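As written, the chain order gives the labels A, B, C and D, with residue 1 at the start of each chain.
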Amino acid sequence: MTTVERRSVAAGRESAPPRPLWHTVLVRPETMTLVLLVVAVFAASALSPYFLDLSYILRSFTLSAEFAIVALVLTMIIIAGEIDLSPAANMALSACLFAYAQAAGVPMPLAILIGLGAGVLMGVLNGLMVIGLQLPSIIVTIGTMIFYRGVAQVIAGDKSIRVPDWFIGINNVFIVGVPVPVVVFIVLSIVLGLVLGVTVFGRQIYQIGTNEIAARHAGIRSRRIKMILFILIGFVSAAAGLMTASRLGSVRYDLGLGGELQMVLMAMLGGTYIFGGRGTILGTFLAAWLLVIVSTGMTVANLLPATQLTVLGILLIVSIIATNAIYSRAQR
Amino acid sequence: MPDAVPLIAARGISKQFAAIEVLRDVDLDLFPGEIHALLGENGAGKSTFAKILAGVHRPSRGTLALAGEPIELASPHAAQRRGITLIHQEPISFPDLSVAENLVLGRGDGSLLGRVPWAEMTREARRLMDLLGVRIDVTLPMRGLSIADQQMVEIARALASDSRLIIMDEPTAPLTPKEVETLFTIARRLRDEGRTIIFISHRLEEVRALCDRVTIFRDGARIETAPIEALSDADIIRLMIGRPLKEYMHKEKATIGAVALAVENLSLPGYFSDISFEVRAGEIVGLGGLVGAGRTDVARAIFGIAPAESGRVLVEGRPVTIAEPSDAIALGLAFVPEDRAVAGIFRSLSVEQNISAAVPAKIAPGGVIRRSVERALAMDAVKRLRIRLASLRQPIGELSGGNQQKAILARWLLTDPKVLILDEPTRGIDIGVKAEFYDMIGELAASGRAILLISSELPELLALCDRILVMAEGRLTADIPRAEASQEVVMSAAVPRVREAAAA
Amino acid sequence: MTTIRSILGRREAGIFVMIVLFAIAVGIAKPQFLTLNSLRIVLLLVPLILIGAMGQMLVILARHVDLSIGSVLGFSAMVTGMMFRYHPEIWWPLGFLLSVGIGAGLGLLNGVLVTVFRLPAIIVTLGTLNLYRGLTYIVSDARQIDRQYVPSALKAMSQTSPIFGIPWIIFISFAVVFATWWFLMHTRLGRQIYALGSNPVAAPLRGIDVTGVTLLVFTISGALSGLAGILYASRWGFVNPSNTGAGFEFQVIAAVVIGGVSINGGVGTVLGTFFGVILLGCVAAALPLLGIAGTTQNAIYGAVIIVALLIDRTVRRQGVKSLARARA
Amino acid sequence: AMAQDALKMVFIGKNTGNPYFDSLTNGFVEGCKALGCEFEFVAPATAEATSQIPFIEAQIQRGVDVIAISPNSPDALNQVFDDARSKGILVLTVNGDITGNESHRDATILPTNFDNVGKDQVEMVGSLIGYEGEIAILSATTEAPDQNKWIEGMKATLASDAKYAKMKLVATVYGDDQPEKSTTEMEALLSNYPDLKGVIAPTTVGIAAAAQVVQSRGIAEQVKVTGLGLPSEMRDFVKDGTVTAFQLWSPYNEGWLAAHFAKGVKEGTIKNEVGSTFEVPDLGTITINPGNSINTQAALTTFNAGNIDDFNF
């Protein structure tokens, strides 16, 4: 029945005056993220003299880079009006499958394919349940989050599985002084930013998230697009899982445990609207740095994780309140 | 009557939504023991006024007095406690609760932790449904009831509430004549008990049959209040629309060509069955019926939103499979849905994005959007359809309803469709724009497009269409050529036979 | 009413049959599963989940969700434990008041964030899940409350009672179940929760105080998590800042979903939820008996949730169909 | 204020809120106080494999001299350990080692010689049940390296020593160091083996859970529970007779020893070589065992009703 109210609202309104340009540019969530980022850098520097060191910050970023990479795709899923809480578990399961396979003697290239393929399959399973069976994605992916990690635990037990030495240390490979995971993150940000920003595919993601029914009526194949997104996040999660395996040198079922919260946090902090239709890759990009700065700053200042949890919880709530406020103001 | 103390005295009632005043200085007295009609075009403010009386909205200005005492109605609950009940225009219910519970919920008696008297409640519910002659199991959940039955439950709820003022906002729209008659009998009895009833309807015959006095709204203002006998139909229409009816009801002659869209034995169990018809190029075919007859479902099926289970669709003589709207679009079909907010616009996105949504290939040849191309297309459409806006970058939600609807039409014209399905295209838009729409529909037909026009407004169908199809209860019941079409003929085909028989 | 029962009853009957089939299957492999002792084990496994599930059910019926219950449990248990540690002279049953009160307060805060700021409950409670856990570390200085500080009488509640020696904790959880059933079926407020979840837009028009009811369900959920908090101390004899309550939300949500409460609100019964909890309890009790490694437990939980969702979808295909129609 | 060049030492626990580490940390605190070192304790919120990495990175960045750590993973920390050692930081594992990856740390401080734990525990349970009857083991996770080593020892002892010939190990189950799971496993043991006489739980969570089950069933006479436990958690059970005796070592001494060892190595007074010896106040002469492994005490301490009140951890 909401529709009735909404329809009337629209019918009654004459056209409103356009907003000034500065308003459009400045009053948006990414601006808030950027400001927070700058504040965080200053705060962290004040908190600990050891903080402000670019190579340390980059090294610290590699610890979250895998999550940040997945968060970019998650941003697109949230913009499309769905959510996925299973990528961290997906990372664990595909990494476990990969590690298990290569430990069992499967040649490395094939083991890598197994890991990536498993990730894609997990994405497909999520997609089928959400799109095919029309179950709410939030509850489906809570279920698969538990399930995927559970299966990882069945496969790997509580053991950690070693990976070959040559596979270890992607975080210690540098391209012009920047660790590879960070480079991957930056490149993926640019690519996905362009996809979302200037292509029809990206445009249609926003349209689906704004009003899926209208999108279908306009001939936009929302189910196909959403399926592509679920498959994409499955694939990227698996790749992130393998990157983590390379960074750690071993794989255990608890790889990336709790990562889903960090990913959601990055998207939310970057101004992605939880109800869909709004958000940018730039926002998530900035938010990933913000989160790393905040947690690195607190860790190097030897603040207890208790404080960190509290700060993360507050950040999440505050950011979503702010995002909501900004969007409802913009909408009036 | 004017000597008595009015039950409700409204003075200077105004209501603003955002910056728009939708009610302006309405003064109205309602007396005990009268049935009072509110008449007016769509969007005149009838429902808004009703909602203010029922505490759903609070007036921006003005005062209300109940039996001489000034009152403030803070909530629907507060109004209910004072004996004011509203039957909403679109039935509102709790689909997971039983009919009996739906009847009782919200009645202001008893404490929140008080016990729910299941047995008593069921008994009372049965009694009420018997009174209205509705045969449904009151212990079943509301979900699954037909719109008509839901409306009857709404009515029963109002009757049971023992209110002094009962406001019925278009209660008869989905009902059969038998059901309408039962409702009227009860309404008259309530009046004779000294209660007041406000009756909102677009059907003048009903108003004449039931009401004592009428008030006519136009553009949010009260234009006239008079005994019903004092006004002729022509007077009422003139007062409602502010100009004679004829002026915008015309149809240019178009040359009618080959069959553009044909439908054969289309069925979707539970929604419609065995639908066959055809629409030719240049022809405007109307599709009439009561609300819930299944017209929208047929249109959705043809367009691939909820495809039919059996039957064939032919476009320009060739059988086609349409599993998705994108298939339909590729075949040259276009569909303007009835519920603009739900199925039409992307509220927070810009007007240009809304207009270009159905033609991605035109604005982005290689997948990458060319803004300048998009802008040019949108600008052109805006000029052609005379869409009033401040900027193409404006969120479409900031436009008025009529201009939003034009933008949706613009979206579809960009696809250069052969067949255009319009579902209630003029619902909820104001009169000036409506007239423009009628002109445009005529022009579109004249340019050789086939048009299927779904509408619940009979005059609209009668004035615009070359042929009128009528649906009732998911079946096609009539195919009436323009020459034979009249209100009576269409209505008699629209009334469901089965329910009519059952109710008798 | 009989008809409603027979329709809704199908779902509960289904879970009940699943429980019976499961018990028989396990019983064939391990006959000792079909003894009174197993019943005791299951009943001692589930009280906390049962209590949490009743609160969660109210929240989900109202079309929200509360992910923070595990942290609420942990925080209230911790503060109560600290009271026991620093003020052993205080009459211990007051711990119940404290724990339930703190839980209610945290639940109310969730409710306020959801109603006042109009935020989605899932995100709010994901935030407070972390926030409350962080606060638990902070107030406790990350120190555990050891067994010696938990009053013996409190611990005894999990072990026995004068009534056939059935532990108090079981009676308490059953009392909560009964009270929830009564509240939902027989009070106007209870029906309003169903109504709100069934159609949130219609609710205010029918005189339902939407804000009030929303605050209420979150507060009850918090209060029951608080109750589960002190009972945790009773059952396990300690309170740990990081373990206590961790993962509680998933067990509870799993049970509620398995019990047939619709995630879209408005649909679900106490009996169904009760059976959902018992089914999970049976699974948890049977796995070690069958010698299945503990590491499979999470996979089984996850699979059970997914299967429950699929069943839910099949049982309510009609409903989903009309939903799809409205959405498509 | 500390001297400019005071030795900076940090201990990274498995996770916060773990009572075992309170006492261990105290040993560090007192040790560093006595030695004039700076000391910090940090720990992640969860004990998952990677959670300690940012903390190690941060300590490297802070330029500490010594990182002592109870590792959450036997191999996920190799890279960051190497990194730390390449910067001249002394890396010690405390109370648990990175078995199989010993080359990535400098030394390990373990409470006692883990080779003897299994044997001692068998003797303990044997003495409680009169060296006759069925026994079972309730352990932590299936892959816990220390526990598995001890269980090996138990099995070897049972198989080789005629003294225990009438004792039969019927099952080894794993409670994952979670109270709920440990309890369910214990209940299942009792159901599956009605003639069970004794249970060894070589983990603090397991022994408390096992004791609780025995207590609530009121079968302390029939089933004897023992293993490794914290006095603070077991005190009640010992006092009410549920548990007669159990064992452990002093976590405090681990911290105390680690602090002294680190300071000595850093200042060159102690040679970190197998076979070298050094003196530690209160502990006496300590020898560096093969694998650069150091023990605080020769044998386990046994706690019972007579002495339990003497321990405050």
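The rule is simple: a residue touches a chain if its C-beta (ideal position, glycine included) is under 8 Å from a C-beta of that chain, and two chains touch if they have at least 3 such contacts.
Quantities reported herein were computed from a predicted structural model and do not represent experimental measurements.
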Steps in the shortest chain-to-chain touch route ending at subunit D and beginning at subunit B: 2
Chain at maximum distance from subunit D, centres defined as averaged CA atoms: B
Between the pairs A-C and B-C, the one where more C-beta pairs touch: A-C
Centroid spacing, where centroids are CA-atom means, of subunit A and subunit C in whole angstrom: 30
For subunit A paired with subunit B, centre-to-centre distance based on mean C-alpha positions, whole Å: 43
Rounded Å distance, subunit C centre to subunit D centre (Cα mean): 35
Contacts with two or more other chains, residues of subunit C listed in rising order: 133, 137, 142, 199, 201-202, 293, 295, 297, 324, 328
Residues within subunit A bordering two or more other chains: 1, 157-158, 213, 216, 304-306, 308-309
Multi-partner residues of subunit B (at least 2 other chains): 92, 305
Pairwise touch network: line, ring, star, complete, or other: other
All chain pairs that touch each other: A-B, A-C, A-D, B-C, C-D
Subunit D-facing residues of subunit A, complex: 48, 50-51, 53, 56, 59-60, 63, 157-160, 162, 168-169, 171-172, 244, 247-250, 252, 254-258, 295-296, 299-300, 302, 304-306, 308-309
Of all residues in subunit B, those that touch subunit C in their complex: 56, 75-77, 80, 88, 92-98, 101, 105-106, 108, 110-116, 118, 122, 137, 139-141, 143-144, 300, 305-306
Complex contact set, residues of subunit A against subunit B: 1, 3-4, 6-18, 198-201, 203-204, 206-207, 210-211, 213-221, 277-278, 327, 331-332
Touch list for subunit D against partner subunit A, complex: 16, 40, 42-46, 48-50, 53-55, 57-58, 61-63, 73-76, 78-79, 141-144, 176
Contacting residues of subunit B [partner subunit A, same complex]: 17-20, 22, 43, 89-90, 92, 303, 305, 324-326, 328-329, 335, 337, 339-349, 353, 357-358, 360, 363-364, 367-369, 388-391, 393-395, 397-404, 411, 428-430
